[in-house]
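These notes open a run of structures that come right after.
One chain, subunit A, links the two complexes that follow: it is found with subunit B in the first and with subunit C in the second.
Moving on to the complex of A and B:
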């Protein structure tokens, strides 16, 4: 039997027995994001001499946060809800050459962790933030989040969400991140390319991936993926049209001084 | 011809792979795993162009494509 090529990066067994299949529900977008991320990491390892040991994966709490130490055969940490970025900051300051990838849910990143998120971007710390945005709190039962689209019915907004959602990419860009992009789980090749770019970028790379929670949205995964394709338009093609659609693509790709590099310069004054 | 390997222990029957295949080489089968998930299967492998999209989009690392040339 041919095995999936990314299984080489996963722990299929642990001390307490098998870890696979994952805990995610059938058709959950979080598993797809893991697959895309491993494809990007695999290409980086094969093409530019980066070693497996150079990567560290960090997450907080939530369904999307389960993608790290449970399954990954990399240095990784499954940490505290909303606090993946302070812990990533600590790892980076201890070893600025690490390639740090953070998996975070929309609630983890922008509800409980919102403050850490904007300050990581402001400092332009060299981390890649992959935000799996399913528009709700999946793990705790599908409650409304600050990212739930207006009108969407959730467990706590049965008549539809009356609030406006945060635009996470605008938030990242205006806070100072060097690289900002949005894709969906229905855009595998673009997402992989973007993750590669983000990891290669010196500074904060924020990539939002709109993802399906078929369980709490009570919709088959294939239908949700088709909707992502139908309801999004590339920023390069939109030209002001299609405002009713969600913009996807790269919103920001610029050079800005990165925190640990600036800090190193200060340290060098004392050599 | 290319071949597909489906891991019945990992597959959760979401059928995302079936929908992603541009050539309709994969289809839902009538095989159900012990958890009750409907497994995908090769449908018409003449239509497989080796793009490996099924392998990339699978949330559960449960499907793999064996490209014909890779064997020789």
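Moving on to the complex of A and C:
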């Protein structure tokens, strides 16, 4: 049987026993995002001389956070709900040469961690944020999230969600991130390309990946992936026709001075 | 890390500094090279001094968006190999409990300074000892904590160094439970030559000849060696109940009990090595004052005066370390006394572990509480005279 090419980056077992299978539900999009991320990392390691040990993966709490749990054979931290970005900030201040990738979810990034998200983008810290947006709280049983579409019935909105959903990419761009893109799990090549660009970007890169939670959305995963294709339109092609569809693509790709680069100028005064 | 510039450390000598500045200098001397904080009275001078001084020694300072993120920064910094600190005051200390709990479970060395102010709520911005129980019990879940209680500007410097040393030695968060009194006090501070200052660094698997393949992030010893990120050890920091290798499992009573007991016992079981007390006139004394922090400055005066003016056989005992509580030490040195006075800037907090420790060693324990301002020696004396008349 052919082994999956990305298994080399995972810990299938440890001294205390097997670590697989993963905790992800069948049909979950988180595994796809991990696959896309590892493809991007693999290309970077092979093509630009970045060492595997330079990468650090950090997550908070939730389904997205499980990607840095004990399956991943890299330096990593499976940390506090909402706090992955301040923790990434600390690692960067201690060692700015680290390539830090943060896995977060829509609740982790934009509800409990919303303030940290805004300020990380504002500071333009050299972190790549991969937000797996499934539009609800999966790990805790399908409660409403700040990204749940209006009208959706969830475990805590039995009469339908009356609130408006956040546009995470607009928030990232407005807050000052250097690179902002949105894709879905149905767009593997584009997502891998964006993750590579994000990791290569000196500054905050935010990539939102719309992902399926077939369990709580009570929809077959294949149908959800078809919907992602049908209900999205590229920002390059929308030309005003995208109002009823979700915009995908690169929203922002600019050069801004990064936090530790600016701080380096202060440090150099005292060399 | 940018290369630390040793030349920009404070030269040995006598300085006239504020307690908060002395605290920041102590951190730098101990090797702190990442500081994150959020302003709050009466702790802000620590971060202001850190902002000025850290880049001078090759460190990095950041002002965060709140106390939660400030404490969180320390986790990432510590895992990436830096010694890291934040300082706050009581309302901010409440917000940091989440990180303290997480740092205990992930065995992360870091230092948090709490310049205590009165509560509850916003209270006042004056002085206080009202967080001494929060220091021990504020975080959720089991696990122990180390907390020091400085009483002078010199000790704001010395104890901050000691806090880093203890954090690195025991791989755990350490608290400096300062008070506004010592934080804003100005006194002479003696900086000894660098080679006379003890600085402890964490044990790494490389030091013990443990390869990445053999490495267990939560194994090998009572205090596991710690690999930094970026060194090829593939460390996964995890705060779910875990095996020695960092693997998490479905509920397992034995692993849960073993792993959390070890984390607690590495501190509680070493209380004799960690906790210190200071005593005066203790040998064969009849009565005793037990205190800590800045209260010990006025309490010792009250003890001297009661002995000199009224010939009362009164001794003085200061808890230098609040947690782990030195119960065994207390029971060894306090054998049979009549009255124990406990002056505290709260309504009676450390009175509780003191009562438990001396349950059969004294006739009675008399609290001398006050809130928001340091006791005067007269205030302590009048209570002693009233009780012993």
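Going forward, the second predicted complex is superposed on the first by the 269 of 271 C-alpha atoms of A that agree within 3 Å, B and C clash if a C-alpha of one lies under 4 Å from a C-alpha of the other, contacts with A are read in each partner's own complex, and residues count from 1 in each chain.
Just so it is clear, a residue touches a chain if its C-beta (ideal position, glycine included) is under 8 Å from a C-beta of that chain, and two chains touch if they have at least 3 such contacts.
If you're wondering where the values come from, they're calculated on a predicted model, not measured in any experiment.
*Asks:* One more residue to check, A:140. First (subunit B), second (subunit C), both or neither?
*Replies:* A:140: touches no partner chain.
*Asks:* After superposition on the shared chain, which partner residues are touched by A:263: those of subunit B (first), subunit C (second), both, or neither?
*Replies:* A:263: touches subunit C, not subunit B.
*Asks:* Should A:236 be classified as contacting the first partner (subunit B), the second (subunit C), both, or neither?
*Replies:* In the superposition, A:236 contacts neither subunit B nor subunit C.
*Asks:* What is the contact status of A:80 with respect to subunit B (first) and subunit C (second): first, second, both, or neither?
*Replies:* second
*Asks:* Looking at the overlay, what does A:150 touch: subunit B (first), subunit C (second), both, or neither?
*Replies:* Neither partner.
*Asks:* For A:3, decide between first (touching subunit B), second (touching subunit C), both and neither.
*Replies:* first
*Asks:* Per the contact definition, I'd like the list of subunit B residues that touch subunit A in the complex.
*Replies:* Of all residues in subunit B, those touching subunit A are 3, 5, 7, 9-16, 18-20, 37, 53, 55-66.
*Asks:* Can you name the residues of subunit A that touch subunit B in the complex?
*Replies:* Within the complex, subunit A touches subunit B at residues 1-7, 10, 20-22, 24-32, 34-36, 39, 185, 188-189, 192, 214, 221-222, 225-226.
*Asks:* Under the definition above, what is the set of subunit C residues touching subunit A in their complex?
*Replies:* 1-3, 5, 8, 33-34, 36, 55-58, 60, 62, 64-66, 68-70, 72-82, 84, 98-99, 102, 216, 229-240, 242-249
*Asks:* Where on subunit A does subunit C make contact in their complex?
*Replies:* 11, 14-17, 19, 52-54, 56, 58, 68-70, 72-80, 83, 85-95, 97-98, 115-116, 118-119, 260, 263-264, 266-267, 269-271
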